[in-house]
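Each of the next two complexes has chain A plus one other chain: chain B in the first, chain C in the second.
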Partner chain A sequence: MKITYPPFGDARIAIESFLRDFGHEVIPPPPSTNRTLSIGVKYAPEFACLPLKITLGNYIEAIEKGADTILMLGGIGPCRFGYYAEVQRRILKDLGYDIDWIVLDLSNGWINLFKSIEKVTNRSNIIKVMKVLRLAWEKVLAIDEIEKISRRARPFERYKGEVDNIIRETHKRLDQANNILKVRQILSEYRETMDEIIDKNSLKDLVKIGIVGEFYVVLDHFTNFEIAKRLGELGVLAENAFYIEDIVRIYLPLFRSKDIDERTRVALPYIRRSVGGEGQRTIAHTIEFAERGFDGVIHLSPFTCMPEIVADGVLEKVSKDYNIQVLTLSIDEQTGLAGITTRIEAFIDMLKTKKRRRIAV
Partner chain B sequence: MKIGIPRILLFYRYYPMWKAFFEALGLEVIPSSITNKEIVDLSIEKSVSEACIPIKLVYGHILDLKDKVDIIFLPRIVGLEYRTYMCPKFIGIPDMIRSVDLDIPPIIDPTIDKRNSLTGFFKGFFELGRFFTKNSLKILSAYMEGLKALKSYNEKLKREVTPLEILDGKNYEKDNFKIRIGIVGHCYEIYDEFISGGMIKILNRLGVKVLSMEMVDWKTILKEANVLPKKLFWTFGRELYGTARYFIRKSLVDGIIIVVAFGCGPDSLVRELIERDLTKPIDFPEITITVDEHSSELGLITRLEAFVDMLIRRK
Partner chain C sequence: MKKFLGIDVGSVSTDIAIIDEKGNIIIGLYLRTAGDPIKAVKDGFFKIKSQFGSDLKIDGVGVTGSARFLIGAVVGADVIKNEITAHAVAGLHYNPKVQTIIEIGGQDSKIIIIRDGIVVDFAMNSVCAAGTGSFLDHQAQRLGIPIEEFGDVALRAQKPVRIAGRCTVFAESDMIHKQQLGHKREDILFGLCEALVRNYLSNVGRGKEILPPILFQGGVAANKGIKVAFERALGTEIIVPPYFSLMGAIGAGLLAQEANIRKSNFKGFDIVDQDITTRGFECKGCSNLCEITNIFIEGKLVARLGGRCGKWEDLEYNPSL
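Let's turn to the complex of A and B:
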């Protein structure tokens, strides 16, 4: 069994370590490129949302490298994500690929879910499972921490690409790490290196932007045109509303924590009931950033994403009520880098002017 | 008191029930006008640009009711069946409308959610009735009235009459049909003549008998859809898939037309399933028509004519 998985952002390091430690042969999908996207666009339904297209491209590229099994999550709506595996399964079959799917999904009953889990864990005993999970979780936390610190360091880079180089190096070491202590050591070394770059005194003078929206687009660097990096290079402190840890906590019942619902509560006056996906959370996070004194919010969503359209419908009012500037970027295969860059730059110029004026007063 | 109901979304499915229910509670029911140019223009101006055309039109229909009524009814429909959802936009539409400064009468938005309980439907109506009366018995009897009206409406539809003929007073030609075509699409896309471009009328003129989802028994449709290894979790998705499968399996039609609104989330996948599971393997004639506010009637006629000609030649 040569297994592959849908990658998003840096989560691939944790997923890969997780699968490898259970003794699977893992064929990671090659990093997403324009080729990935065009393969996905060619075979996916025209009006499907972008993550479906990109992950389809990822699968096909992994299959070209020899993968024969795909690990995926399922779910019960209302967002389209729950049906991804079903549609992609049919597309790959019609293309003539003979692929095994392991879909972790409760909609076919507990027995089927349990069977799938057994396949993923390679019939390991519970102690082994706990151990592997623990290490993968530690890596998730480390990946998030690396990302968070990099956001603060990038505006102070001494030369272009410095932070990226360090991250690349750290990720490589993290990938090799085989116990928790090692992971922690790598992280603390990374922290020290970054501390040298970060200029703590001028940190508070930076324009601060929060990033909210649909999780795949927010966390996958290829899909969002490396927006965090671009913002950092423009001298902006960009913070995500959530990282991989939060997404795991939201979508995997095993890790679910109560804080999630607590955090969403502020959105209730605007969206009274969950609309699936990140719809309601987008509003909650925007309010959160406004209350924390951020200068602006960038709202990212895949084109035609249903929950984000609802969020988009009420964001204008939220923006007015909380006096925070919001830039909505909806992304599909037609979106170009130049267009995104222009809009981001204009948005930041506006925020900078506003901030200067406020300080002057 | 006058209550307004926008003539969009589930109007063509539940209007008789809503009307009977409200009238039993002593309200005067006023539906919005049939979609016209003004409604369309207002909708496009006020709505989220990325939304699908039916959702956009809600804005215009609500504005159309603005000066005519005291209160507007816009339910938050979460699920119409056990373990299925509506599209997220249906769940969020009252919130979206409230967030725009439209200067409109108050909106009542009871939650109708049948996902986890059999009584979900009634609960929604009970919540709704509470806005107008404290008398539970009165609500219950109004609900019964509503169900009765819905039942007789559904029976009329089963006799292959379209909702348009019943609700909008349209009259369609009945005989001299050469072929039969099944239209697979949401009621608010097919029966809103702006959205569908008057598709039924055009097809009738071309000598086509049109069958739609409303004319098939609901339970049959669901049974058809439940053959999927993973059941679709959208109510409409299930219905579309089930209808298409029923039409094809029973050879009730010579071809099917799938009507999809531009940017419709669930349909983007459901259409793919219908095509890959049902029509492509047996080479069944199928055409997909994507509709939005820019569709032109001429383009539609050309495509329909070509499709109908093809079907007649095949026969």
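Let's turn to the complex of A and C:
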């Protein structure tokens, strides 16, 4: 069994780590490129949402490298995410690929779920399972921490790409780390290196932007045109509304924490019921950033994504009510980098001028 | 008197303006980009050179537009800025009280909302052609009317025809249909103006508080039919600045002035006589596979664009690939 998985952002490091530790041969999907996207676009239904297209491309590229099994989540409604596995399975089958799927389907009863879990864990005993999960979780936390710190460091880079070089090295080491202590040590060394770059006194003067939206687009660097990096290079402090840990807590019942619903509550006056995906959370997160005194919010929305379209519909009101600037970037396969760059730059120019004026008054 | 050069390089047109330190226009040029922005800029520089001689001193250069990074590197820009900021700066310079800027160019359209002299909101549309100049060009051609006369003819409309359709394809088929029904040409033309304005207001202008004074900038502002259609739809006066099609370039020039540069990077107008070439390649350094563009002047590498990491910015870096 040569297993692959749907990558998003840096989560791949943690996913690979636990698959490997359960003794699987892992074929990681090659990092997403425009080729990945064109493959996905070619074979997916036109109106499918962007994450489905890109992950389909990822699978096909992994299959080209020898993968024969795909691990995926399923059954998480009510948006289309719940059907991804099924839709993608049919497409791959029609293309003539003979692929096994391990779908952790959370709506299909415990017995089926248990069978899938058994396949993933390779029938390891419970102690081993706990140990492997613990390490993977530690890696998730480390990946998130690395990302969070990088946001504070990029505006102060001494040369372009400095932070990325350090992250690349750190990720490599993290990938190899085989115990929790090692992970923590790598993280603290990373923190020290970054501390040298970060100019703590100037941090508070930076324009602050919160990033909200659909989880895949927010977390996958390729899909969002490396927005965090671009903002950092433009001298902006960009914080996400959530990182990988939060997504695991939201979508995997085993890890689910109560805070999530609590955190979403502020959105209720605008969107009463869950509309799937991050729809409601997008509103809640925007309000959160406004209350924390951020200068602006960038909303990332995959074109044709229903939950985000709903959110977009009320964001204007939220933006007025809470006096926060929101820039919505709708992203699909036709989105050009030039258009995104222009919008982001203009948005930042605007926020910087405003901030300067506020300080002057 | 100090002089500043502003260049706006879009996919359809390339506009060049030289302004003095008060923002007065010394020369303004409008050129077709025709897929080759370097040639367009060279053509413009050639005209400037033949009018002023090559020792015209420039104290700062600003570049905007979709090819701003390329042209910025070629001419030696001091400031490289996005089109929205450039248009806002130019609009504010022309009318410090402006609250709304409508900009419609050949390939895209924008709205900029300004309050108390600063930009507070904006939107931009580059996907849908139904709200841009190329749509009008196309329809004028179809109806056999030179685009320059489009506006004047449209204003003669007595009974404007309502052209339905939110996108180019529908609008076009509806227009053909109305033509077959025997509607007058001017009525159809004004109908097209109204359709464009409707599209603009419901797309780009959606949810924006459009308050006067309103400036109408960009190439399409030449079309009086559109101006009137906007005035009717919004029920207020629309101001078209005298240099409406050069506002991006003027804004770029003003930004160069504001930047207070001590010594400009400008390479001079003599680059028209130089051999400027670009050569692209795909960097295989990592999975980003960036398209790197090398820019050569007289065979010498002067700039590199397109790398997401910094490694190609060092011009010395030259691994034997």
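What we mean here is this: the second predicted complex is superposed on the first by the 360 of 361 C-alpha atoms of A that agree within 3 Å, B and C clash if a C-alpha of one lies under 4 Å from a C-alpha of the other, contacts with A are read in each partner's own complex, and residues count from 1 in each chain.
Everything that follows uses one rule, which is that contacts are C-beta pairs under 8 Å (C-beta built on N, C-alpha and C of every residue); 3 or more make two chains touch, one makes a residue touch a chain.
For clarity, every value in this text was computed on a predicted model and none was experimentally measured.
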Which superposed partner A:Val275 touches (first chain B, second chain C, both, neither): first
Taking the superposition on A as described, I'd like to know which of chain B and chain C A:Glu316 touches: first, second, both or neither. both
Partner chain in contact with A:Ile167 - chain B first, chain C second, else both or neither: neither
Chain A residues in contact: does chain B have more, or chain C? B
Which partner chains sit in contact with A:Met72 here, chain B, chain C, both or neither? Use first/second/both/neither. neither
State whether A:Thr353 touches chain B only (first), chain C only (second), both chains, or neither. second
Go through chain A and flag every residue that touches chain B in one model and chain C in the other. 316
In the complex, chain B touches chain A at residues 47-48, 50-51, 55, 76, 78, 83-89, 91-96, 98-100, 111, 228-234, 260, 262-269, 271-273, 276-277
Give every residue of chain A touching chain C within the complex, in rising order. 30-34, 159-162, 164-165, 226, 229, 316, 325, 334, 336, 338-339, 341-343, 345-347, 349-350, 353-354, 357
Any idea which chain A residues touch chain B in the complex? 45-49, 74, 76-80, 82-83, 85-87, 90-91, 94, 105, 107-108, 270-277, 279, 303-307, 309-310, 312-314, 316-318, 330
Contacts from chain C onto chain A in the complex sit at residues 66, 81-85, 118-122, 124, 126-127, 207, 286-289, 308-311, 313
